[in-house]
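In what comes next, chain A is part of two complexes: it sits with chain B in the first one and with chain C in the second one.
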Partner chain A sequence: MKKLARDPQIVWRNEKRREEEILAALERGEDVGDRGSVILIVGGTMHQLNLVGGYIWNLCDGSRSLDDVVETLASEFDVHDEVLRHDVEAFVNDLVGRGWLRYA
Partner chain B sequence: MPDPISDLFSAPLTFNWTLSFRCNFSCLHCYSREEIAQELSTGQNKQIVDLLAQRQVPFINFGGGEPLIRSDLYELASYATANGLNVSMNSNGWLVDEAAAEKLKSSGFRSVGISLDSADAQRHDEFRSMPGAFARATAALDALHAAGIKTTMSSVVSRINHESFRELLDLAEAHGVSQVYLHNFKCSGRGLTTAKSSI
Partner chain C sequence: MRLDLLDTPLRVTWEFCSGEFCLPADKLRHVAGRLTEAGVFFVTLQKGAPRHPATGEIIAMLSAGGVRVSLIAQPAELSLVESNWPLQELFIDAGGWLDGASAQEELGAAAQIGREKGFSPAFLAVPLASRLARLPQLFALCREHDVGRLKLPNISVDGNLGDLERGKLPTAEELFDLRKKIGDAAESRRGLELEVHDLFLWEILSRGDAERGEFGGCQAANSLAHIDAQGDIFPCSSWPLRLGSLCETSLEAIWQNERRYRIRRDIEHLPAGCAGCSDYALCIGGCRGLAVSFSDRDARDPGCAGRR
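Right, the complex of A and B next:
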């Protein structure tokens, strides 16, 4: 199965401090869906990925297929496999559509 | 006031780096030419690159002064690129011929900005106090373009161009420039003394 890889032209960075804040907010039961922990600079514009999006982005290093990414996340999140697969696939397809990720 | 977005950044996104205040030009409006400062050695500059890489600062933009006056610019840029940073610079273009453009490309420059203040050669040359500056700057844009480096154009807003931005944009387009930046005049350094009379 084809592996998922990031566009090497995209400059990005994990924001550790933000990630810690988000994890703490999550513990407090807050909604963290729109809080970014990974920033991407694409064509001079900054974008953010939320916690789960950031995990997926980090996993797409050219060594994992979509199945591998789902499997890795499944071991970390307590979500039904089918739901997780559906969400990850939708997210990955969005980024592939933007050209930020590609199947190599 | 704290900014909730930038506040949580672990480090800056761009490091604007004045390697040297020296320049082969002597523009009347220059904010840096009156500065005198001891320059760091290549080794010290590499230590700064190490620090930036460690902190995950993704972009370095070399400015000055004229960055190409430093003979170790290529070495520093290669070092920064090898450490995962993205380098760009702003230059007056005088020293950027085809060979320099190739060297900039091979040392990892992603983008180079050239200063051009007017689409009228004579006006630009007068503003920069350097006959031939316009011809060299446009030739630099072409050489960079041919070498495959993205180019941008920087213009200081002043009396010589405030009514002719369209022509500046046309000039940029004719030379394959991807972005044009308009800068405000900085009232410091030499710019402070000449502000009233000539800008």
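Right, the complex of A and C next:
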């Protein structure tokens, strides 16, 4: 199965302190969907990925297929498998459509 | 898009020298290490960088650490730029030409030297008030010398503010005059990729383009930072408030200190001068560094003509 890889031209990094804050907010039951933990610059424009998006982005290092990514996340999140697969697939398809990720 | 508060800045400008003083090579290495540790994306080396003997080493060090490095050189410094420096972008300072202090041929020759060294040089000019009237001529000059990109960065402010410094900033009236002089902005900038930091100048020069992709309010002390020739770090080059020394403290620690957060709170504060303005949602107060440096946190950006 094809592996998912990030566009090497995209400059990005994990915001470690922000991620800690988001995890703490999550523990408190707050909505963290709009809070970014990964920052990237594409074509001169800055973007943020939220916590789950950031996890997926980090996993797409060219060594994992979509199934591998779903499997890895399933071990970390208490979400129904089908729901998780649907959400991950939608996110990955969006980024593949933007050219930020590709199947290699 | 409004950015959350970042762990460390993404874009840093870095002066190597101030007058005759240049930061020694060991200190430069130390600061470069701080920048790579902090995961800074882009560093622009300026003011004396091309003539510093350690510049090649510092560029290589930053580049190996994943930082995209750009360099600003004076026309006469192009001969010092090495063709093997891994630069993302090479800028040639056209400010001297706009001031009438250097000849057109000098700029053209510098661009040619840059190309012969394997770069695609861009021109750069700080848009001081005295330079605005010649901007259309600079656009034409870029085309004449096959330079496809021009950057107009923000105006640096040092700590010694005074009438002279204030007089360097374009006023709303001077920007209005430029708007009239430019006329058809799309035709004036034809064939040229423009990068304009100042929001009001961008508004004039970009007429016809609707998007300003990255602007989400003043990014001083968030995604932006400036390092002076002592290794001290500032919110940006337009905001002369020292946050700390990279010779002594890590960038991560400085970005967590109270001074930095106070600046961000000042930026989030709605300036009294902007209250009720229908365009506040677009400009978000413009350049807060210039506003605070020349007045206070309730002042409008000095280039703003008033409430709309």
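The working rule: the second predicted complex is superposed on the first by the 104 of 104 C-alpha atoms of A that agree within 3 Å, B and C clash if a C-alpha of one lies under 4 Å from a C-alpha of the other, contacts with A are read in each partner's own complex, and residues count from 1 in each chain.
Keep in mind that, in the parts below, a contact is a pair of C-beta atoms (placed from the backbone, for glycine too) under 8 Å apart; a residue touches a chain by one contact, two chains touch by 3 or more.
The structure presented is a predicted model; accordingly, all values stated were derived computationally and were not measured.
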item: Partner chain in contact with A:16 - chain B first, chain C second, else both or neither; value: both
item: Chain B versus chain C as contact partner of A:45, first or second or both or neither; value: second
item: Chain B and chain C contact sites that coincide on chain A, given as residue numbers; value: 11, 13, 15-18, 39, 41, 44, 46
item: Chain C residues within the chain A interface of the complex; value: 1, 3-7, 10, 39, 41-42, 68, 213-214, 216, 223, 256
item: In the complex, chain A residues that touch chain C; value: 11, 13, 15-18, 35-36, 39, 41, 43-48
item: Contact set on chain A toward chain B in their complex; value: 11-18, 21, 39, 41, 44, 46
item: Footprint of chain A on chain B - complex, ascending; value: 8-10, 13, 56, 58-59, 86, 179
